[in-house]
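Here chain A shows up in two complexes: once beside chain B, once beside chain C.
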Partner chain A sequence: MDMNEIKEIFFQECEEQLAELESGLLKLNDGDRDPETVNAVFRAVHSIKGGAGAFGLDDLVSFAHVFETTLDCVRSNRLEPNQDVLKVMLKSADVLADLTNAARDGGSVDEARSRQLIKELEALANGELPQAAAAEPVAKSTPTAAPVPAVNEEGFQPVAFSFDDFEASEPPAIVPSTFEILFRPKSELYAKGNDATLLLRDLSRLGEMSIHCDMDELPALGSMNPEAAYFAWKISLKTDKGEEAIRSVFEFAEWDCELDVTLAGGDHAGAGEELPMQPVPFDLSLLDEEVPASTGAAEDDEQLAAQQREARDNAVSAAATASNVLQMAQTARASAESTKCVAPASAAQAAAQQAASAATPTIRVDLDRVDRLINLVGELVINQAMLSQSVIENDTNGTSSINMGLEELQQLTREIQDSVMAIRAQPVKPVFQRMSRIVREIADMTGKSVRLVTEGENTEVDKTVIDKLAGPLTHMIRNAVDHGLETPEKRVAAGKNPEGTVRLTAKHRSGRIVIELADDGAGINREKVRQKAIDNDLIAADANLSDEEIDNLIFHAGFSTADKISDISGRGVGMDVVKRSIQALGGRINISSKPGQGSVFTMSLPLTLAVLDGMVVTVANQTLVVPLTAIVETLQPEASAIHSFGASQRLISIRNSFCPLVDVGRILNFRAVQANPVEGVALLVESEGGGQRALMVDAIQGQRQVVIKSLEANYTHVPGIAAATILGDGRVALILDVDAIVAASRGQSLKPEMSLAAAG
Partner chain B sequence: MASRNTAKKSLKLAPVLDLNEATALHERLLTLKGSPVEIDASAVERVGTLCAQVLMAGARSWEEDRLSFTFAKVSDAFVKTTQLIGVDIAPLMAKEI
Partner chain C sequence: MTYAAKNLTTGGRELIAFRVGGQEFCVNIMSVREIRGWTPATAMPHAPNYMLGVINLRGAVLPIIDFSARLGMKPAEPTVRHVIIVAQVKSQVVGLLVDAVSDILTVSDADIQPTPDIASDFERSFARGVLAIEGRMICLVELDSVFPHEEREAA
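Up next is the complex of A and B:
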């Protein structure tokens, strides 16, 4: 495994940690005060910082460090996580995500923003209120106690952070005191390339150290594993740096060893021990090839050298200084009563950690492998269908055992297919979580107060659908906040809560996923929409439209009600794009709006893009599949209902309204002359823009679930055709691209780029 | 520590006694079992805990076999590291006759 692979794993883990961080912060925002939630949030930032430190991602480390410090104040109950505090923290989580992305993909982050947040976070850590911090940024006049990483090339300025304030209030840190340290490494510590020797060396730099090596567990030479851990140490360390400095030495090894640090009572420590302690000499410069040998043997010089070294290559341990201030304070306080208080606490923490990690065992699999498997299962389903068909054709006397076997095979393949599809199914949670950030940002830009409520985040849907859902959803959320919700003043005037609510829900409904986006804003201003549509020549000035039709106008291309063009919306590329992308996914979108109460957008999407429910039809002796989602109803046209219109257009009258008749065979050039509508079947389909069209086909063969095969990947793009499938008799059937066909019927010719391929 | 009249074997330690060296050192020590051993640690620049463990386990095994296990020459780094990790090698230092 090379470094890049390890780094890639780190970034994947970062993504998980960021999700954890955000969901934890949102829980806190909702009033959850469970210490485990705070711990989870803290751990997430801490892990990112740790990993980033290992890869030398300095700006990520320095930001995470400041963030962590502030979180630690929350953890220690020194900072009340109220709404204002959490607002800063949520923004910080966003910046942390940006920094992570920048570290992964290159690119830059908004430096001004992260600098501002660092200031706000520091202000919070110093016990100042966020408002005060925003008004007057904290001046850092105090000398820095902790070293910070050097400024990197991109100009990101890590901000030095002072811990003086904390230390001043924690007397145990200043008076030199003796700590008893029990250090028992696990074999993992060595396996990860760490070495107890190095840790002990760093420890010895902190002060006067005596050590006893416990070799009781060392087996005989013949039975030992040379790479296992046997030694354990009992160390007595007299230092003025406090427990946090000791723990920071072990920071990267904390999960791989048993560590117990206790404050020994008074000065008897080390002297009256029953174990023989070996004093450790101060001059260890020889062992450290990274530091120029310090000639002065004096204690001061040695400490200086240690500090310099820390400053250079151990930015993270500096960070730990902050994170452990709390632990130290607690320990110091508790040690007055009992000297053995850390062990149970850390053991409990470790147990909790273990429980959390043991909850859902998962494996990472390359998406390509899953896709290959899905493809193969698709082949299997086709093959099974072909087999049954040929058996039925050849088997005249109907051997029941063969038929029974075939039936079982059919059931098995269906089950396999479902299970394989379930592998690709993912909860919509990540997309929903991304939306909360968008809401925050738009709310900030528009000066509105918005609360995003999500429901059904664990609803699962195919990964491709999830990936393609983010775009349209982002657009709709922006619209909901920008256009849908009113300003706080207007809301108060209307007797509503000044804080607007945007509700995002996902649920399964009859084999499809339904995503609903509801806001409690003003609803669609129908008069304004209508006027705008008239101005933009979308409808005639005297057109008589129902409320629903007016609402649906917002899906028209080039439509925007925003008075001025803003960064957020109003460029006229809005809901029509949303609708088109939803339709490209084989979905539908509906809107319902109540003036003064808000609007609800409902999207219904297929659970997967690998199979499709289709209607198998015949057109000019060709077999075609029409996606079932597009079909509203089917009907048998009567001669009296067909009306000619213009040179070649025909209309069909359905329940007192006229609907253009689209001859599929003619448009796809399957036949040269127009078919007689009375001899065929009309499929009423809903097309782009909300209009209905009647597609004329010769006959309906039936309804079937088909496995989608990409035409682009296997052949080449065919205008008017979305994809292909293989039928039970082995023949290829084309899946119709309804929107392209409808567009072609409007007089536009079938152009390659017009197709919205429904298949991946 | 009594030494018998068997031929004394010597083992020269590598300069870097890290994780990678631990297994090799373990194997080399095992092959020397049954003979008194004199270890040359004069070239050692770095000592990891794992190798120290192997050496101490060796010292114990040799003691059980009542054979001598001594450090003939030691480098400064070797002495300092063993001191740092609390491993007392003084009783194992070869006493020049």
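Up next is the complex of A and C:
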């Protein structure tokens, strides 16, 4: 594995940490004061800093460092994480993400912005300095009051943090002092490749050191877990370096051990005598032979493991994690007995927390591999269909055991297909999280106060859909904040909360994912939209449009109602692009708006791009599949409803409105002359321009879920055809590209500008 | 002769010979993936006349080219006796509809004669050379040019 690969892994992890960071900050923003949340946030920044340090990404390190410092103030309750503080922190998280991206892709960052934020962060950290400074000397000078850490119910232990390295003007006292260090590694420490020996050796370099190894936890050989950590060390270190130096030795092990550094016996040598235990000279080389091992929580591990026996793997990791929390909770334990009492309660609590948050173990898999599996399963489904079709054809009585077996096979294949599709399914959370950043930035730019509420972010959908969702969603969010919401003054004048709310929700509805974006702004100004449409020749001046039709005008190309073109939105390349990208995903978008109450955009998307619900139809003896999402209704035309229009055009009247009739067979060149509409079936489809078309096909065979196959792989793109699929009889059927068909029909007949007016 | 000169390597090579409309052709065996019987193809809209359509090759969509029509000869009327040669052309896989596969030939480069000068450019663009085997004339086909690149770009 070369350096680049490791670096790539680091960046992947960074992404996860950044997501964690942001979601943590947002939780804090919502008033969550759980120390575990603060810890998670701190940990995220700390890990990024650590990794970045290893790769020499100095910009990232220095920013993360300042950020971490400020977070530490929050962690140690020296800084109240109120809205203002969190605003700065959220911005910092954004900059941290930018810096990470810049480090990965070599892009540039807005340096002024990051410098500004560094200043703000430092100000925050220092703003509370009088208090912090007052608190620390006390801790240092009075050993009795020294951080016997306050342990709260979540097992969060505040760690004292020195600002020595930021306050160059105040160098730490150089008088050698004796520190008492309790170092209790957890099994994770060893699991991550750290070694207590090395840490202790580093520590010994700081000064005069004596070590006592606490082996009380070591169980009998029979009940020993070879991978657990059982030893703890009590170290008495006489050094002229500060506590900071000691902690920095443990910097990368901090989360995987219990570390307690206290200043013992004042500033004078000979503090050794005052130690509760006699320091024993210890040969470090012995450690090399020692098997790393041991937590005291081995028995507790087992209790936990028993609770979760059905998921053994999970149990092991959960128990291990639980025991960490447990250990933290017991930092100040008085006796082994009391530990035993506390243990089950806190272990259970910890296990519950773990179950909720840490989730099940995951693996990283190449998308290619998953895709290959999906392809194979697709073939399996097709083969299974072919097999059952030929069995049915050859089986006269239809009750043979082959049929029974086939039915089971069918069920199995369907299950396999569902599970494989589920592998690609991902929660929409990452996209939603990105949106919160966009809201923040736009709100800043426009001077509006906006609150983004997200719901259903764990709703799962195919990865490709998620990837393609970000673009349109970003655009819509921008629009919602920039155009949808009013300025705080206007909101107050309208009797609304000056803070606008943008609500982003995702949910599953009948096999599709529905994403809703609602704002509580002014709603669409229909007069203005109408006027603009008339100005742009989109509609006739006297066109009679319903409210809904007016609302839908914003999806037209070259349409923007913003009074002035802003940086953010309003360049007129907006909603039509959004609509097109949603349609490209096989989705639909709708808008509903109430004046004064806001607008709601509703997007309905397929859960996957690998399969599609289609209507199988026949056109000129060819079998075609029409995506079900495009079809509004189907009807059997009557001769009286068909009206010729000019030389070759025909219209069909549906409930007294006229809709152009499109002969699919003619457009695809499958036949030379137009078919007789009365002998066929008309599929009423919704097209890009908002107008409807009636597609003429010969007959409808049925409705089916089909596996999408690429035509481009071995052939080339064919106009009017979106893709291919393989039907149960083993033959290839083409999937119709409805928009292209409609566009082709339009090219021969109506001009695009006129079509809307005609439809309206 | 540039056509003969290109892509010729030393040593023997194996070729698959097939018949189309009474003439014999051959292609390099290395580019042939498999040979299978004819199955009805799904017609493609707006396709040139030699493009018979696509078939399902174990889950992949395989375009079928009527070799006879491609050479400007009479379009084939596919029967169960017809054969599809599945060949790799660059990164794509295509099927060639031919009347029958006749032979596997092992020839040396010296056996390959340059395409005679009299042929028109259209025919000559498919031919990499000709072979004289037991009194028959077999045309070595350049697969790259059989598959319609120009049309693809136009489409």
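Worth pointing out:
Simple rule for what comes next: the second predicted complex is superposed on the first by the 533 of 760 C-alpha atoms of A that agree within 3 Å, B and C clash if a C-alpha of one lies under 4 Å from a C-alpha of the other, contacts with A are read in each partner's own complex, and residues count from 1 in each chain.
Following the convention adopted for this analysis, a contact is a pair of C-beta atoms (placed from the backbone, for glycine too) under 8 Å apart; a residue touches a chain by one contact, two chains touch by 3 or more.
All values reported here derive from a predicted model rather than from experimental measurement.
In the superposition on chain A, contact is made by A:G720 with chain C only, not with chain B.
Once the two complexes are overlaid on the shared chain, A:P185 sits against chain B while remaining clear of chain C. In the superposition on chain A, no contact is made by A:P637 with either chain B or chain C. Of the two partner chains placed by the overlay, only chain C lies in contact with A:F670; chain B stays clear of it. Of the two partner chains placed by the overlay, neither chain B nor chain C lies in contact with A:G242. In the superposed pair of complexes, A:G53 makes contact with neither chain B nor chain C. Of the two partner chains, neither chain B nor chain C is touched by A:G587. Contact residues on chain B toward chain A in their complex (touch as defined above): 18-19, 22-23, 25-26, 29-30, 33, 46-50, 52-54, 56-58, 60-61, 64, 76-77, 80-81, 83-88. Chain C contributes residues 39-47, 53-56, 58-63, 92-94, 152, 155 to its touches with chain A in the complex. Residue ranges on chain A touching chain B, taken from their complex, read 185, 190, 193, 195-197, 200-201, 204, 211-213, 215, 218-222, 224, 226-227, 229-231, 233, 277-278, 280-281, 284, 286-287.
Those residues of chain A whose C-beta lies close enough to touch chain C in the complex are 375-376, 378-379, 382, 622-623, 667-670, 709-711, 713-721, 724, 726, 730-734.
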